[in-house]
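You will see two complexes here that share subunit A, one where it goes with subunit B and one where it goes with subunit C.
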Partner chain A sequence: MNWRDKLRPAPAIRRIMWIWLVLSVIATPLVVIFVGPMLPPGSASDAAHGQQQDNTVMVGIVLPIIIALLLYFGYALKTFRAKPGEEQTDGPPLRGETPVMVAWIAVTFVIVLFLATWGAYELFPGEEGAGGGMGPTPISVALPADASSALPVQVIGQQWAWTYRYPTYGGLETTELVLPVDKLVRFNVTSIDVIHSFWSNQLAVKADAVPGTNNVAFATPVKIESSTVRCAELCGLWHGHMTSPIHVVSQAKFESWITAQQQKWAPIAKYLPKYSKTYAPEPTYRGG
Partner chain B sequence: MSASRFRRTGVIFAATLAICAGVLIGLYVTLYLEAGEPQAVAAKMTGEHEASLTLQTVAEVGHGENNFWVSYYVQNPQGKWVHSTIFHLPAHSLVHVKVLQYDGDSGLRNPLWGQPRGVVGKTMYVNGKPLKVLNPELASHTFAIPELGVSVPLEGVEEEAPNQCESAPCGLEKAHNTIEFTFHTGRPGKFRWQCFVPCAAGFIFGFGGPMQSIGYMDGEVEVS
Partner chain C sequence: MSAMAVEARGSREPWWRQLGAFNMFTGIALGIAGYFIGALVIGAALSKGIDFQTETNQNDIEFVVGILFGVAGFLIGMGFLNYPVKRMLGAEPSMRAKEDTGIARYFTLCTDHKVVGIQYLWGVLFFFLIAGLNAMMIRTELLYPTEHFWSADNYISLVGLHGTMMMMMTTSMILGPFGNYFVPILIGSKRMAFPRLEALSFWLLPAAEVVLLAAVGAKGFPTGWTGYANLNVQAKLGMDCYLISFAMIGLSMALVGFNMLATVFTMRAPGMTWTRLPIFVWAVISTAILQLLAAPVLVAAMSLVLMDRVVGTTFFEPFSGGTPFLYENLFWFFGHPEVYILALPGFGVVLEVISVFARKPIWGYRLAIAGLLGVALLSFFVWQHHLFVSGINANLRPFFMLTTELISLPTALVFLNAMGTLWKGKIKYTVPMLFALALFFNFFIGGASGIFISDAPSDVSTHGSFFVMAHFHYTIMGGLVFAFFAGVYYWYPKMFGVKLNERIGKLQFWMFFIFFNLTFFPLFAVGMLGQPRRVSAYAPRLQWLNDWVTAAAYVLGSSFVVFVINVIYSTFFKREEAAQNPWDAKSLEWQLPTPIPVDNFERVPVINGTPYGYGDPSAPVVANLNPTEAEVVAAGG
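Moving on, here comes the complex of A and B:
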C-alpha cells in the first residue's frame, strides 16, 4: 500500500468529512455573525467589546470541532449499529496510524499556538483599557494611550459594601458608582479590611481589592445603562450580598450627579480622610 | 435455623439498624441547625403601618460559648430581651428603632458611615438630641440594612463612664447612649443587616467571630 492509499480515509470517514465541511461552512459564519454579538460580557465598554470579540473567536474555532464530534457520534450510532440477530464480534485490532496521528497533532498544535498568540496579544489594553487589574504600577506598554487624562475613581472594598471616591471632585465618597459615557476611567482599587475583588461583568472590569495595595484597572464605558458591581472574591458571611449599583450616564448628567452627591454627603465630608491610594485604619480597635 | 432464614434475619436486622441510624443522624442535624438559628422576633405594632423595634448592643455577652463577643439583643413585644438578630417587620410601614448602646467607642473603619442614611429626616437622635452626622471616632457600632439604604452610626459609651455593663442583657441603670431613628420598610422581602465595624480587628478572630455570625453583629430583617 503506497502513501496515497494510506492517507485515503475509509468511505464512512470520507462521508463524515464532507458532511462536516458543509455543516461547518454554513454554521460557523452564522453563529459568529448572529450569536457573537450576544455573547458575554456584552459591549457596554471597550474592554467588554474586546472580550466579546475574543469569545466570538473562540466559539468560531470550537464550533467545527463540536460539529465533528457530534456528527461522528450520531453517524456511528446510526450506521455502525448492530443489526437484529447479528452476531456480536470484535472488530479488527486498532494500531497506530501515523498519518492520522501526525494530522491530529498538527491541527491541535496550530489551534493551541494560535490561541496562545491571540491571548497574549489581547492582554495588551490598546487605547481604551483592558479592564483587568494591573497592580499599583502598570508597565508603560500596558497603559492606554490617554491614561494621563483618564477619570480617576477609587474603589474601596469593605465587608460587605463598596464605596467610591472621586479625587478630582474634592475626594467625594459615595455608595454608588456613576461614570460618564465615552470617558476612559482609571479605577484605583483597594480594601480597608480583607481581600475583595471589584467585578463589573458588564464593563468587563475585574480587579482584586487588597488592603494596602492600589490595584489599577482601565475601562471606557460606551453605553448609557445601569448594571451591578459584585465582589468576586469570597470575603465572608455576606459576600454574596456585596453589590452596588453602577450607572453610566451622559457627561452632563454625571456633572449634575456629582453636585447632588456633594450636597448629600456634605455633613460627613469634613471627617473623611485625605484622599490616598490606600488607607490603613487603626487595626487594633475592638468595637462591633 | 436454615441458612436462608438466617440470611433474611440478618438483612432485616441490618436494614432496621440503617433506618435507625438515618433517623438519629437526621434528628441530630435538624436539632443542630435549629439550635444555631436564633429565633425571629417581631417588632411591636404601634399603628396600622407603624412599628417599633428596641435593640441593645453590648460589649460582651457575658455568658455562653462566646461570652466575650460583642452582640446585639432585641426586645420582644412582651418586653423581654432576646439574644437574636432576626427581626420581623411590617412591609410599607414606618419602623421606629431605639438602640440602647452599652459598648465603648472604637471608631469607624470607613468614616463615611458616620452619616446616617435612609432614615426619616436624614436625622438620628442621640440621647434625644438630633444629629445629622456623628464624629466617626465616637462610633461604636453601626446598624445598616444596605439593601434598604439604611445605615446609622451608634455612638459609643465613654471609656471612663461609671457603672458600665459587663453582662448582657443590660439594664437601663448601666451606662449607655440611646439612639433613635425611623425608617420606611417598603416592599416585602428578606434583607441582611450588619454592623460595619469589624468587631474583632486586632484580636484572634480578626474580621471573623461576631462580625461573621448571625445572632451577634449580623442578622436578617424579614419584611412581610
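Moving on, here comes the complex of A and C:
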C-alpha cells in the first residue's frame, strides 16, 4: 500500500465529504449574500456595518462546520446503532489515526487564525475600533483618519439616567442624544457613580461608563432614524429603565436643534465647565 | 501509610449515641450561637463610636463579624477542629475510621469519600432546584416589558441569587458527587489523600448556600453574580452575604483541587501508569489545577471588597485612589478559569459514557488528554475578553481575541474524540448515552456563539446582552448539566444499588433537551435585537420573544420535576435491584460489588491495562483485585 492509499478516507467518509462540499458550496454563498445584509447590528453606522461584515464572515465559516457535523453525526448515529436483539458485542478497538488528527488540528488552526486576523483587521485603521470603548487614550493606529475633526460628545452615566454634553457648542447639556448624519462622532463616556455601559444597538456603539475614567468610542451614523440608548451593565435598581432617545438627523436639523438648546440653557451654561475628561461633582473628589 | 494509626471511632455505636457526638445539629446550633456572639457582642463592640452607619442604618461590621463567627461556629460544631486540637495537645497523627453503617453518617463529618460523594449529590441537586425556581421567577417577570410581579430590587436580587447559586453549585456539580465518589476507586486507592479536608470542602457548600440565602432577609444584593465594583461597595447588607459565601466556595474549590491532585499523584495503585488513567480522572486533574490556581484570586477579590465595605479602604473607589478596573480584572482572572472548571469535568464524564455505550475504546485518548490540559492552560490567558469594551487599553484586544479563539482548538479535540469513538461502534441509546450525545449538540451551539463573542468587533454589540446569556447557558447548562445527568443515570446503579427507570429517564431527557433548546436558542436573537442582561424592563417589541422563552422555560423546569419523580420512584418504590455491572463496562468501578465495601478494595489491586479494552479479546482485565505479593512487587508497588 503506498502512502496515497493509506491516507485515503473510508468510502463512507468520502461520500460524506462530497455531500458536504456540494451543500456548503450551495448554501454558504446563498446565506452570505442574502442573509448577510440582514444580520445584526444592521448598517445604521460605519461601526455597525463593520460588525455586520464580521458577523457575515463568521456565519460563512460556521455554516459549513455545522453542515459537516450534522452530516457526520447523522450518519454515525444511524449506521452504527447496535441492532436491537443482537448479541452484545464490542466495536473494533480503534484507538486513533494520526492523519485524521493532523488534518483536524491543521484545519481548525487555520480557521481560528483567519478569524483572529480578520477580527483584528476590523479593529484597526479606518474601521473606527468597530464602535467599542477604547479607553482614555486610544492607540493612534486604531483612530479613524479624520478623528481630529470628529464631533465630541460627552456621555455621562449615573444611576439611572444618561446626560449628554456637547463641548464644542459651549458645554451644552441635554438628556436626549441628537447627532448629525454622516459625521464622525467621538463619544467620551464616563460615569459619576458606578459602572454603567452606553449602548446604542443601532449605531453599534458600546462603551462602559466607568467612574473616574474617560472611555472613548467612535462611530459615524449613516442613517436618519431614531432609536434607544440602553444601559448594558448592571448598575442597580433601575438598570432596565436607564434608557434615552437617540435621534440621528440631517446636519441642518442638528444645527437648529443645537441653537434651540443653547438658547434654552443659556442662563445656566455660563456656570458649566467647557469639557471634562472625568466627572466628579463632589467637592471632595479630584477631577473637573 | 501503613504506619498511620487509625483513630478509634464509635462507628458501631447505636445511632442515638452517634447523634450525641458532633454532627449537623450541633453544627447548626453552634453556627447560630456564633452569629449572635459575633454580631451582638464582638461586632457591636468593634463598631462602637463609628458614625458612618447613621445615614444608612446598617451595620456592616456587626453583620460581617456575625456571619464569620457563625460559619466558624458551624464548622466547629461539625467537629472540624477536633483533630487539629487533639494534635496540638500532643496526639499522634491518625486516620479517622470510616463510619460504615447508618443514615446518620450522611449528616456528620464523614471521612468515607463515598459518603462525601453522596452528600455532594443531594446537596448539589437541592441547590440546583432552588436556583432553578429562581429562574422560573425571573422568567415570569419577563413576561411583561415592565415590572409586574416583583419590585425592581427583588428582581435584581433574584437575578443575582440565581446566578450566584448556580455558579457556586456547578463548580462542584460533577467533581463533588462523582469526583469524590469515584476518583479513589478509579485509581485503585482505598481513600482520598486528605479525607477530613474532603469533608470540609463538602460542608462549606451548604454553609455557603445558607449564607447566600440569608441575603434574602438582608435586602438582597444588586450586582448579579459578578459582583462588580463599585456598585458592590454601594450596596446594602445582602452584599456581604454574597461576598462571604462566594469566598467560602472559593476556599472549598481550592481544597478540592488540592485534594484531588494529591490523591491522583500519590495514591495510584501499582500498575496505574499515566496512560492507563480513565479520561474522567484526567478531566479531574485538569479541573483541579484550575481550581487550585484560580480560586485564591476569587477569595482575594471578595476580601478586598469586604474591606472596602467594612474597614473603609478604597481599593475600588475611583475618586479616592482606587479603580473599579482592579475588581474587574481580579474577578475575571478567576472567572474565566472558573467556567472551564465547569466545562472540563463534563467532558470527562461524557467521553467515558460514550466509550461504554459505543463499546469502543476512546478514540485518540492521548489527544483527549492534550485537549483537556490545553484548555486548562489556555484558560488563564483569555480573561480580558470579558472586558473588551470596558475601556481597557485597545492594544490588548487583538491579543485576547487570538487567545480566546485559540481555546476553541483543544475544545474541538474533545469533539474529535467523540466522533472517532462513535465510528464503527455498536451504539446503544441508553439514557446516559442520550445525555452524553446531547452535550455535543448543545456545546457546539454554545461554542459557535463563543466564536462570535470572542470576535471583539462583534462583541461590541453582543457584550452585556442576552446573546452572552444564551452562550453561557448553552455551554454550562447544555454542557455541564447534561453531563451531570449522564453521570447520574450512569453511576446510580453503583452508588445506590438500584437503576433509575429507563422510560421516565427518556421522557426527562427529551423534555429537557427539546425545551432547553426552545428556551435558549431564541435568546440569541433577543440579545442581538438589543435587550441587555439583568433587566426587568425591555423594549415592548421584544415581548413576544420573551413570552415564548418563558413558556418554554416553564416546561424546561417541569422536566426536572420528572427527574425528581424518577428518583423517588426508582429508589423508594420500584427498587429494581441493579446488577454489579449493568452496563457491562470495563472500568474499575464496575468490577467491584454493589454496594462498594467501605474500604473499596480488600487488597490494593494491581492495574493490568486501560479501562477501555473493548473489542480486543487479548486486552487484559483492567485490574487484578486479588494480587499475590509477587504480582504487587512486579507492578512496582
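Of note:
In this text, the second predicted complex is superposed on the first by the 249 of 288 C-alpha atoms of A that agree within 3 Å, B and C clash if a C-alpha of one lies under 4 Å from a C-alpha of the other, contacts with A are read in each partner's own complex, and residues count from 1 in each chain.
Please note the rule applied: a residue touches a chain if its C-beta (ideal position, glycine included) is under 8 Å from a C-beta of that chain, and two chains touch if they have at least 3 such contacts.
As the structure is a computational prediction, the values presented were derived from the model and not from experiment.
By the touch criterion stated above, A:268 is placed in contact with subunit B alone, subunit C being left untouched.
In the superposition on chain A, contact of A:241 is made with both subunit B and subunit C. Of the two partner chains, neither subunit B nor subunit C is touched by A:18. One of subunit B and subunit C touches more residues of subunit A, and that partner is C.
Looking at the shared chain after the overlay, A:158 reaches subunit B, while subunit C stays out of its contact range.
Legend: residue contacts after superposition of the two complexes on their common chain; A:135 is shown touching subunit C, with no touch to subunit B. Of the two partner chains placed around the shared chain by superposition, subunit B and subunit C are both touched by A:193. Touched by subunit B in one complex and by subunit C in the other are residues 193-194, 236-238, 241, 282, 284-287 of subunit A. Interface residues of subunit A facing subunit B in the complex, by the touch rule stated above, are 156, 158-161, 163, 173, 175, 192-194, 236-238, 241, 265, 267-268, 271-273, 281-288.
Remark: subunit C residues 152-153, 156, 222-224, 226, 228-231, 234, 318-320, 323-325, 358-367, 388-395, 397-398, 401-402, 405-406, 408-409, 412-413, 415-416, 419-420, 422-429, 437, 440-441, 444, 448, 451-452, 455-461, 463-465, 528-530, 532-539, 584, 613-616, 619 touch subunit A in the complex. Residue ranges of subunit B in contact with subunit A, taken from their complex: 57, 59, 70-71, 103-107, 109-112, 114-115, 117, 132-133, 135-136, 139-141, 146-147, 156, 192, 194-203, 207-208, 210-214, 217-218. By the touch criterion stated above, subunit A contacts subunit C in their complex at residues 40-41, 47-48, 50-51, 54-55, 58, 62, 65-66, 69, 72-73, 76-77, 80-82, 88-96, 100-101, 104-105, 108-109, 112, 115-116, 119-120, 122-123, 127, 129-136, 138-139, 142, 193-195, 197, 199, 201, 204-208, 210-213, 215, 217, 228, 230-241, 280, 282, 284-287.
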